[in-house]
């Protein structure tokens, strides 16, 4: 374990947790567990959010394995235009 | 994946739009253009007035989604050209933040193609907007 | 019947379009613009290539019809502004001869409103076009 | 009778008959008869045409009376845009 994962936060979420990007050593190679870890740290559940792993949008209930150097993005709903 | 320039720092000026139009005058097979422009509204939200929107995006995912939108737009519609521009950073009320430009031989399909591109960009491209009020407070823009 | 300036001598320049856009930047309730531009195509018709179209019109009837189109467009759609411009005289291939500009608070209705105005102008306004070929022969334009 | 009517021709029709505008003394106050008179003079039947009387589009089969100073327009199909 202890893969290094880059995590990027955007918009309202980045503002609320006061962090745009961080690198963390994941305790598990399961994405859901990593997100649960971030939830506990930042109380992310108060936000509607969209998840992207290595620039691919994913569903949280997917059983996804993360690996070293992956980039995870935590995004609020899109508001372009 | 060919990357096209989409993001513009600050507002999209009327001059930028006229230059884009002028560039298409050498394409003599084009008979119809359709342009969508998104302009920042000075909305009043519980007694505060929007003065500007500050846009940010997740650029790597945005580029990927914009590429997909281009591909599927050209698949769905018979177009000669298609361009998308969106502001990043501060855009004041009355200024333009979003510019979609579709060109075709004939007019028939351009309206629907423009609407399709506008909707896809709003739904699929990770862009975020901070609505800044005259009193310098702010809230995060939510698309309806 | 309030008469709005619609007819423009020669081509409609990209600068004229950007000035029209700029004039709407002081209207802070506008959130969406939609623009249709008709551009003269260098069509090939039995081995001859269109070099220009010379437009003429029956101005008294045109003004009346344009007024009716304005009235019914504002009745049908929730718009802030609507402008129609059409060239008279010579417009070369690649140049713009028709400019419809629709603005609204929200984007929802602008595409359909633009299409409606474009179709009404084509069907109801007495404008005639002489397609002039490179060899200086000509034929009269027929809308399909 | 002998009302003076202004007649305007446009586009391909004006070109073919080599006349953009003329004033004629109508032999009858019936529009259809006036148009028949113009048909005979210019062979207008070779053109698809639209008729407007005093800036109002009208159907040729309408039974319409013309009066002094009326403006009649003979128009080819519209081709704007």
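Read from first to last, the chains carry the letters A, B, C and D; within each, the first residue is number 1.
One rule holds for everything that comes next: contacts are C-beta pairs under 8 Å (C-beta built on N, C-alpha and C of every residue); 3 or more make two chains touch, one makes a residue touch a chain.
Bear in mind the structure is a predicted one, so any value in this text is a computation, not a measurement.
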Counting one step per pair of touching chains, how far is subunit D from subunit B at the shortest?
2
Whole-Å gap between the CA centroids of subunit C and subunit D:
27
Mean-CA-position distance for subunit C and subunit B (Å):
23
Rounded to the nearest Å, the gap between Cα centres of subunit A and subunit C is 50
Any chance you could list the residues of subunit D touching two or more other chains?
81
In subunit C, the residues touching two or more other chains are 38, 107, 118
Identify every two-chain combination in which the chains touch.
A-B, B-C, C-D
Which subunit D residues qualify as touching subunit C in the complex?
8, 10-12, 15, 50, 52, 55, 57, 71, 73, 75-81
Provide the residue numbers of subunit B that touch subunit A in the complex, in ascending order.
38, 55-58, 60-61, 64, 86, 97-98, 118, 121-130, 140-143
Name, in rising order, each residue of subunit B that touches subunit C in their complex.
14-15, 17-19, 21-22, 24-42, 93-96, 105, 107, 110-112, 114-115, 118
